[in-house]
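The next block holds one structure in the form of structure tokens; read it before the comments.
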Amino acid sequence: MIEFDHVNVHYGKNHVLHDLTAKIEAGEVVALIGANAAGKTTALRTALGLKNLSSGSLRFAGEDVSSLSTHERVERGLILVPEGRQVFVKFTVTENLLMGAYHRKDRNKVQVELDYVYDLFPRLLERKSQKAGSMSGGEQQMLAIGRGLMAKPKCLLLDEPTMGLAPIIVQEILTILGKLAANGMTILLAEQNASMALDCASRAYVIESGHISLEGSSESLRESATIKSLYLGH
Amino acid sequence: MLFEISGLTKRFDGLTAVSDVSFSIAQGDIVGIFGPNGSGKTTLLSLIAGMLTPSTGRIVWKGKEIQGHKPHDIAAAGVVKTFQNPQLFSELTVFEHLMIAGHLMLKRRLGWRRIATLFNTDTGQAGGDLEARAREVLRLCRLEGSRDQTAGVLSYGEEKMLGVAMALMCEPQLLLLDEPASGLGQSEIDSLEIVLRDLRAHGMTLCIIDHKVGFLGKLADRAISLHHGAKIAEGTPAEVLSNEHVIAAYLGR
Amino acid sequence: MGQLILGQLLNGAILGTLYGIIALGVTLTFGITGIVNFALGAFMMLGCYMAWYFTDGLGMHYAVAVLCAVLVTSFAGLIADQTLFRFTRNNLVNGLLVSIGLISVMEGAALLIWTSTPKNMEYVLPGVFSFFGLVVPKMKAVVFLVLLGVILATYAALTRTWIGRAAYAYAQNPEAAELMGVRTKILQSGVVVYSTGLAGLGGALYASLYSIDPTLGAVYILKAVEAAILAGIGSVIGSLFGGILLGITEGVGSIYLPIAFRDAYGLIFLIAILLFKPAGLFAGRK
Amino acid sequence: MLAALALALLPLLIKSDFALTILVFSFLLGMLAVSFNLIFGYTGQLSMFHAAAFGISAYATHLSMSLLGTSFWIGLVLAALLVLFLSVIVGTICFRFRLKEFYFAVVTLAFSEMARLIILNWNSVTNGTLGIILQEKPRIWLPGQGIVKLDGTLMWYYVSLIGLALTLLVCWRLVNSWMGRSFAAIRLNDELGDTLGINVFRYKLAAFSVGNMIAAIAGGLYSFFLGSIEPGFLSIDQSLAIVAMVLLGGRGAVAAPFIGALVLTTLPHVIHLGAELRTIVYGSILIFTILVMPQGIYGSIAALTRRPPHAI
């Protein structure tokens, strides 16, 4: 579905992604695990064209999208739920969700998706006329995911969806991700929290200082020493 | 006690980022504060450094309350903070960064007499001291090789090290480091560790925050763990690491 | 005395909608492109001359002339955007200076073409409404209603339509809007052009009320910036109220204080607002 | 140094009074541009108060002479002190409230517009729109000749050259000192400067006040060389002309804005254009400089010779 092929990215002279190669098949849930500033967010931003790649290529649904602009990638169904939620704080919940469907040709017929999202996140339905800026971090995260779903994504990229959230909310979000996966959604999940990410995903890549240092199935990675040292320093 | 905070709380509308945190730091200690992302660590440092004003609580430095003071006053009092993402003066060279950061040195040495140096090309002993200090800091932080490079061409590791170097030019008595190791490769982390140990050997007091436990676990004398803005554990690093609340906070169970 | 005050209130309100329509352009451009387009005053001046030229020179019906003037101004705005403003997005100081340079060019050109002699248009719509002893020229009432209508329609479009919502979303969080598939470049250019069109409309209508000269834009852009800041930059309805508030203050103020200082009221407002309520009077509203 | 010597000897070569007059204006406007660059280029604050400082001082110098009976030079010092006082008030208001970029520009513009409105309407003192014709000439002491009237282009040439030289010296000393480093810190990253112990408010105010005082001295000299004062000295156009000089000359070196002042003062005299065309040319130069040559003439030449344009 989505394929990073020897992607290199620079911020000025800083080389932040080195030869990143990764592939996610349709219907898979894949995790991208790494510490702060390891390059996860850059990888996702590059996928959406918010950051230009210096070399390499990016394929989505069989098409080379490296040179397409962000809105063209969004129109093809590549949707990012960004780090830190980034909801439209002055919009109500419903207005935020509608913005998610902005690029769709059938954007005036979104009641089905709206019902679906409200069904997934009953908390959002309770607050549908509330301004997003006045909601808690967990609710904003749900809103951001819901907004992503309104776009009818072919592939959903999630950037640290559980960062800074209370464990009970994290559980709730994980349950939702599980439901989405069960429905056959292709998901790339960037996470610092390796253990959580590995529970969700069937496969994972570990990224360190812009390099993919490890990849494999979740079971095999769970036992790996790298993962342990990355988090607890043992 | 050199430094003490009690009941420190910071609320942003709707969100309590730091919640009733109290701890103290003794002269010469390295204190590690860790917690996962979003646990309030950076907010805590910003409160100490004066970039944010606490909602309630006290920050006491050498017996004086400093909460709510301006950042430059707090820096002048000897409490200096680095930034997690290096903040630099993009157009300037490494050495120029250090000379700017030497501002407080000149101020301490010369006081208002530094005005006179504006009319007189010779800054005298203080100017010499400043350059000598800059050279020493360059050596200490292993930046001698990039002395005359502009900030834009530095690697991420060098940028972060330059942040530490600038803080050192301020002659801090308490150095607050915001995730100094994040984003660094292993060899850079190793040399950072050596630099920080060096500083401790020179008698500096350090307070370091990090979301990773590994690097800080070896370095710190004492550790404090934050979760959702509140202190959940305090003790030696080994004690804190084996604390069940801490493990739960990290592994999300 | 009461009549005098009422009269000045009314006059101030009419002038205020003129400030308001330019202020709306200032607010929109700033919200979407991150620059303050000082040249909107010059575009207003262009709108004035175009309306005058199409009616007086080409003998068009005034309503058609206004429409053509708006089109010409918008087209000029498009050219300015593509050749100049495109390169200063989100660079406030450069955008400010480029727009100031553009003022010199446009004013100089206007002086060359139309000279500094003020132009007057034949009364387009003569006659007055009078009620309760108050006399309002019909044309002033029309101008007031048209401008009010356009500002309210813009507000409605921003809140009710997809493109309006996209613009407002972009102003809140550009990157998130881009992630929703908003075509950011087109949106930015569109807003620059729309705001020049608004300024052109203000100018074209202005031409039917007052005599016009090439330097009139300077006063109006200053007042518009004052009105926009007064309301809080980013507030669409606020720019209308800010404009009217400023117009009324000037009108009523000039009854009691020397008329020479009428330009100072806005400045005093401006300083007070920026110091004590920097988000503006209408902060938090759209 | 070489350039200074060349300028000092220039009148031996150029006998043309016309050319010397242009140079005097360039020197005086150069003082204005160089001092503005201290605030704008080095400290990063887009002040719109510079023309006001220039104009207020021109009026104040004259009023000090006519109302208080002081000599020109005492009047000039009093005017500079008045401007210092106003700068501290305006600067304190702006910087205490942390006004930046556009908001700082707008509020300083508002203050200078108010100053202009006062001068424009205070007819009994300032003669309103018509301005004031200045008949008196400042007196200076010359070795061997005693106290003489400052008269004739040649004498003005040296007085204004010394004014410019002193301005350059002061700005150069400031910029290359610890204070200049603080200015750079404020311009490039004031938050970082703050955490490094730099009192951002104090140094912004210092740059603003020093810059305005130099503008004040330039204003007093300029009006007496010109022989008249009018409210246009304080106009927005004058502020913009200063910005244009600095942008065209360059922000990267102390003397660079003088290049801009020289070019923009000379240009209208070399190429004869109507007032309208001149406005168009000015505007085009401003746009061209920002979009194509943001480093100005000096910066572009420096880039060619590979010298770094910003050594703090």
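A, B, C and D label the chains in the order they appear, each numbered from 1.
Heads up, the rule we're going with is that a residue touches a chain if its C-beta (ideal position, glycine included) is under 8 Å from a C-beta of that chain, and two chains touch if they have at least 3 such contacts.
Everything numeric in this text was worked out from a predicted model, so none of it was measured.
The fewest steps needed to get from chain B to chain D, moving only between touching chains, is 1.
The remaining chains, considered with chain C omitted and nothing else moved, are all joined by touching into one piece.
When you average the Cα atoms of each chain and compare centres, the chain farthest from chain C turns out to be B.
For the pairs A-B and C-D, the larger set of C-beta contacts lies at C-D.
Here the CA centre of chain C is 33 Å from the CA centre of chain D.
Distance between chain A and chain C, defined via averaged C-alpha coordinates, is recorded as 43 Å. Chain C has its Cα centroid 50 Å from the Cα centroid of chain B. Not a single residue position of chain B touches two or more of the other chains. The chain pairs satisfying the stated touch condition come to A-B, A-C, B-D, C-D. Listed in rising order, the residues of chain C touching chain A in the complex are 162, 165-166, 168-169, 172-173, 175-184, 286. Residues of chain C that touch chain D in their complex: 36, 84, 87-88, 92-94, 96-98, 100-109, 111-112, 218, 222, 225, 229, 258, 260-261, 263-264, 267-268, 270-271, 274-275, 278.
Across the complex, chain D meets chain C through its residues 46, 93, 97, 99, 101-103, 105-107, 110-111, 113-114, 117, 120-121, 236, 240, 243, 247, 274-280, 282-287, 290-291, 294.
Residues of chain B that touch chain D in their complex: 49, 51, 70-72, 75-76, 80-81, 83, 87-92, 96, 99-104, 106-107, 114, 117-119, 123, 150, 166-167, 169-170. Remark: chain A residues 12-14, 16, 35-38, 134, 136-137, 160, 162-167, 170, 192-193, 195-196, 208-209, 229-234 touch chain B in the complex.
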